[in-house]
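Several structures are given next for inspection.
In the two complexes that follow, chain A is the common piece, with chain B as its partner first and chain C second.
And now, the complex of A and B:
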């Protein structure tokens, strides 16, 4: 009898030990390391991909990138300019502070600070007001129909923790000293930051007390996430092949075939919310980089159409992108609110038509132009430019590709020092306004309008539609977006190419939903 | 001796000045940190404010003067990319690079010198021929390719050694060392071989030709005539005299090992200064790049000085030469 009990005890103990030893660790790699751990300092994917495991926002994205309750259990637009958020009860930060409406007011104010990089998500907010401990009102300057979409990108911090650590505002470049939040975190999220060596290793541990584990859809079983940046493509893939890494966020296209052929590995394919297009100077009377004197060919709609017709997008899709792209005729992909299938139609590839249009516009022998192109920003960006240049050469437009690393490239186009450039545009708010406002609106100095419109395209009708998108709601707004999309197709302010695909590579025993915003959500990751 | 050192240090100052000027001038071409720091969303006013904050609107020589002034006080400012003090970043990365460079230099000397002696003494043996052919490979293959080949063989195919990173490190004060853990030592092997291979082959070829040269000299013939054993001739007389140029080259190469660890560190994701520099170039992180280039200049100047002093110690002719009123 006693022996039996001992045996049972031993068995139980072994069981405990076994389960303790079976901590599920995901070893994850990507080319870049997050530059900071501050949630309001840098609005870039490499930072967000780590921080959104640690910090929650009031409203969160579901697996389809739709909205679902996060730290706010419910929200309503009470008046055109006032939204009310009811917060979840009993939420605690990793260091023990209780999450209250005061933290929301603090976080929104922090995101509004001039040193914040998250202005676009709070630009319409006048102020946030705590009504009681679990109720917050957000007052906007004008009606903002997409405020919840934007708030899904604003992470919530603890006021007392931030103020205690002298981090009530995001880092300022004038500061001489490192800020506490550059390397420390205190969120309410599913994982807490266990250790961090910048550029070497970032370890996250499961927050067993996370409120979200009660929600059935959050079925993740990962105990520990070890993130290691590996900049070299070949090394990153070698590490995956040699079982030193379980998950690579950004495998290079040329290795996909090889990865697919491995039994122990899988490649998840899916589109990214990022659209690659070509834009041209439509403002100057004479182009800076062309042999055409005294006039600007790109001001002529027929020339823009001709260049559009001359692009064999199927060839780019097949050869340059190795099938990893979704050719498009519009400004953003279908995950973005406002997308319309009828408007996502390309001008067909037709070299003869292109030549005819060029002749009609007065360029029977074509012309010369320089295409500015980044060579390390988007997937195969330089190769796309070269392919386009070759296609245009066939209709007589002799294109010189000026390819630059992203630093000099962005500096150049931001000085408007370009005649023609390639750009890829992501849409973090997942709403049409973001693309129209940044890329197509006339630049007028207001926050957001035309800030990435370096061809300085300007169309009063388009501007009117964009201003309406900012305030309208419901079906009226959808109709406005539809009209703007139609106008985009007709007037060709830029030549769309494709939406990027973003393959992820992982071990077969790991399941994680592929997300079009290129963000892994480990609360949904399951390892067998 | 003292005046010798002082004069060398005084010579180093203009070198440092020119290096800093050139490196600073180069930054005009790496792009605009502002574009990268602002991200995707900003207003013109924010852009102008940031340019002013960073002092990028000032004339080149004003910027340069400020930079030199701060650098003299050891103040390199905050990294644009990481928002952390540059001096701290470099101090954090230096151990990784120095340990890697040290291991690479050790491998190249420990393997290169014996190989050089062997091939110098037994010129016609098949092993010598093989080693010489092999050394050609080391000289002609680019570093990144060697690194990737080693990763392919030892990590992907054989699975013996890690393909990236530094393994576990042990902290000794501010220094982090990979020499005291198994994973740290394993992680060191491939990058150290990659980095040291070029030097190894250089040293081998140098020792070999010096050895052959010395063996032809009169004093070796006299030594043989005196009936000294081969061993004493080769190692007591010949090798000692071949070492003068080897010290120079090995010393100078140590500088380049540290400076050009950039490629190796990138291939192996080795968290040293070279990787930091490459990442900083990508982000136009001027404070880090400037500090790194200055540091490398200091390393070269210092190594040159040490090599000169070693010369002094090894070669008595230099001492008498100076004594004779040079």
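And now, the complex of A and C:
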């Protein structure tokens, strides 16, 4: 008997040792660190890239960004305003709670709360009702054909865990609030959060009990994920070259050539569904950060056009982006439903015209303004801002670049504490409405409308078109989007720059599908 | 003037070609830096003059170089030579101000401690001792960090230059204080000081008019050697991104920017500011060394 026990112990020990020796760890880096671990507080790719490993949504994205069952095994539009979701059985949160329909009701209600930054994904939802433990009905205010698309971005939390930890509503990032969910997570996902040191290191460990490992397409074999933000370009690339990390999400563009020539490394390339643009405060009567007194130059269409004309996008494309961008004159790239080639036309680069427009608008000597700019969010974001500032200086608009790391940057613009800012906007739903509604619609307190419109642009005609986009279908809807795109070109609510390309650099022994939403899904990552 | 050219110092200066050379180099650096707005080929602060299409031009002697830009251009099309001249101006300005600051603080503390003696001396010297246990760059980082946390960002950008000067200056005063205290202890007991005390002069007046002039020569040496330390400290802080504001790039800031392009073959963006920094610090150091020897009566 004793011998048997010893043998069992020895076997167990060998097992542990073997698995310890075999543990596959991916160490990866990006320039920015997530500014929260709360799943409904910041609709920002840098946050999502960590949280989507930890939390599941009812509906998930497949490798082609299509939809596939997540925590909901099936869903159906029972009535125009009622969707029924049948949940997966036997799913557990990382801390042991069983996942039920009550958690879905809780999570959706939480995403609807005023401090949520995810209202855009639940804007049409009136309420969620638990029918039984594994069935949920979602009642919408109006028929919403793309509801499943939106729900793919709403992560599911545990009601009992959240309420126990005073986190029943999302963290208020604008007010720099700190709460339990800022640093702690409890999802149902493939990985659980093992340790979190903001700006230093975030370690995730494989959740062996994840339901998804039964699904054949989730063939990932990674046991541990270590994320390290490394802001300096040179340090990040040195870490990759010296084998200190395995994967860089945003390698500096200037180093791609060198990385491609390395045998031990690979560069995956492709476009991202993300458009970088400049937006202006068009609401205030006087700008917060400018020397113009008593009026707001950005309310004048001619000034907006002048700034647009002054940008030499070809130079930015060639020099700042080293060819890794697609210059654009519209709000979203080709992959998004509603895009029209005829409306993707820029105002031409024409400094003389820009000066003439400024003079006409009453600013013959230009003016001063501050451009708020992130320095670790988008590819070469700070360099783009500096380049634009130089171009505007040439037509007389003296621009001070205020560059900030993404945490303080988002908090600043989300308080409307800005006159001019650079933003990049991805489109997870792959539909035009998402961009129009978040960025261009008047902010009216309703869920989603103008939720990221921090220049508070407002145009009744545009609003009417956006409201129509929500309810129309088929060709009428396409015509409405087309008209809105045309109005966007004419009224210049923001100045589009380009869609960014997103090269990923990784060691050759690591395989991970390159995604157009710039999200690494480690459930599909294989390390040899 | 004639007295100066007849002096020992001038004689020892002319005797060493290395010292003459480093004096010339230092002078060129200082003139180039101080008059950079007048003599630099471009103005890197004038945004309107930048051409993005001219970015990443290699030095003019390379195949793709442009004779307009002798040392090439950086990622925004700024002329490296002009950027270095303007950067050296900021570096030198911070260096000089920081040294003056630590000299004033250190000499005052040293004089008071040495002349007063007793508890005042003990207290002041223990403070200096405590500070000497911290590496000075750490003290500078600490000061900068505290100010950064204490004042709002917008205000900080405006006072950043003064913060750096203060941070570097405050991290270095104990050296001055200890030297001056030592010399003051010696001078205090000499007859001329005793005589001054007997005729009833105030301690302040004795310290200022009688002791101070006689303890200044070692201070001059330390100040020269400290100038190179201060310039390096500023470059270090700026390289770490906590120094001067990015709108006034110093040599350290330029090296930090260039660092991002070292791997990609655009070496000139980091190397030239680096060389400028080395040359400047080296020449100042050599001058300081020579001054120490020249002023040391034992070596004559």
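Note that the second predicted complex is superposed on the first by the 295 of 528 C-alpha atoms of A that agree within 3 Å, B and C clash if a C-alpha of one lies under 4 Å from a C-alpha of the other, contacts with A are read in each partner's own complex, and residues count from 1 in each chain.
Keep this in mind: contacts are C-beta pairs under 8 Å (C-beta built on N, C-alpha and C of every residue); 3 or more make two chains touch, one makes a residue touch a chain.
Only a predicted model underlies this, so the values are computations on that prediction, with no experimental measurement involved.
**Student:** Looking at the overlay, what does A:232 touch: chain B (first), chain C (second), both, or neither?
**Tutor:** A:232: touches chain B and chain C.
**Student:** Is A:320 in contact with chain B, with chain C, with both, or with neither (first, second, both, neither)?
**Tutor:** It touches chain C, and chain B stays clear.
**Student:** Of the partners chain B and chain C, which touch A:410 in the superposed model: first, second, both, neither?
**Tutor:** first
**Student:** For A:199, decide between first (touching chain B), second (touching chain C), both and neither.
**Tutor:** After superposition on chain A, A:199 lies in contact with chain B alone.
**Student:** Touching A:255 in the superposition: chain B (first), chain C (second), both, neither?
**Tutor:** second
**Student:** Output check: A:42 vs chain B and chain C. Expected answer is one of first, second, both, neither. What do you get?
**Tutor:** It touches chain B, and chain C stays clear.
**Student:** For A:383, is the partner it touches chain B (first), chain C (second), both, or none of the two (neither)?
**Tutor:** second
**Student:** So in the superposed three-chain picture, is A:393 touching just chain B, just chain C, both, or none of them (first/second/both/neither)?
**Tutor:** second
**Student:** Given the superposition on chain A, which partner contacts more residues in chain A: chain B or chain C?
**Tutor:** B
**Student:** Applying the document's definition of touch, where does A:81 land relative to chain B and chain C: first, second, both, or neither?
**Tutor:** neither
**Student:** Starting from the residues of chain A touching chain B, keep only those that also touch chain C in the other complex, and list them.
**Tutor:** 232, 234, 238, 241.
**Student:** Can you list the residues on chain A that touch chain C in the complex?
**Tutor:** Checking each residue of chain A against chain C gives 232-234, 237-238, 241, 252, 254-255, 257-258, 312, 315-316, 318-320, 383, 386-387, 389-394, 398-400, 403.
**Student:** Can you tell me which positions in chain A touch chain B when the two form their complex?
**Tutor:** The touching residues are 35-36, 38, 41-44, 114, 117, 119-120, 171-179, 182, 197-201, 228-232, 234-236, 238-239, 241-244, 376, 404-411, 414, 426, 438, 445-448, 451-452.
**Student:** State the interface residues of chain B toward chain A in the complex, per the touch definition above.
**Tutor:** 29-47, 49-50, 53-54, 77-78, 80-85, 88, 148, 151-152, 155-156, 159, 162-166, 266-269, 271, 275-276, 278-279, 282-284
**Student:** Which chain C residues qualify as touching chain A in the complex?
**Tutor:** 46-48, 50, 52-53, 55-56, 75-77, 246-247, 259-266
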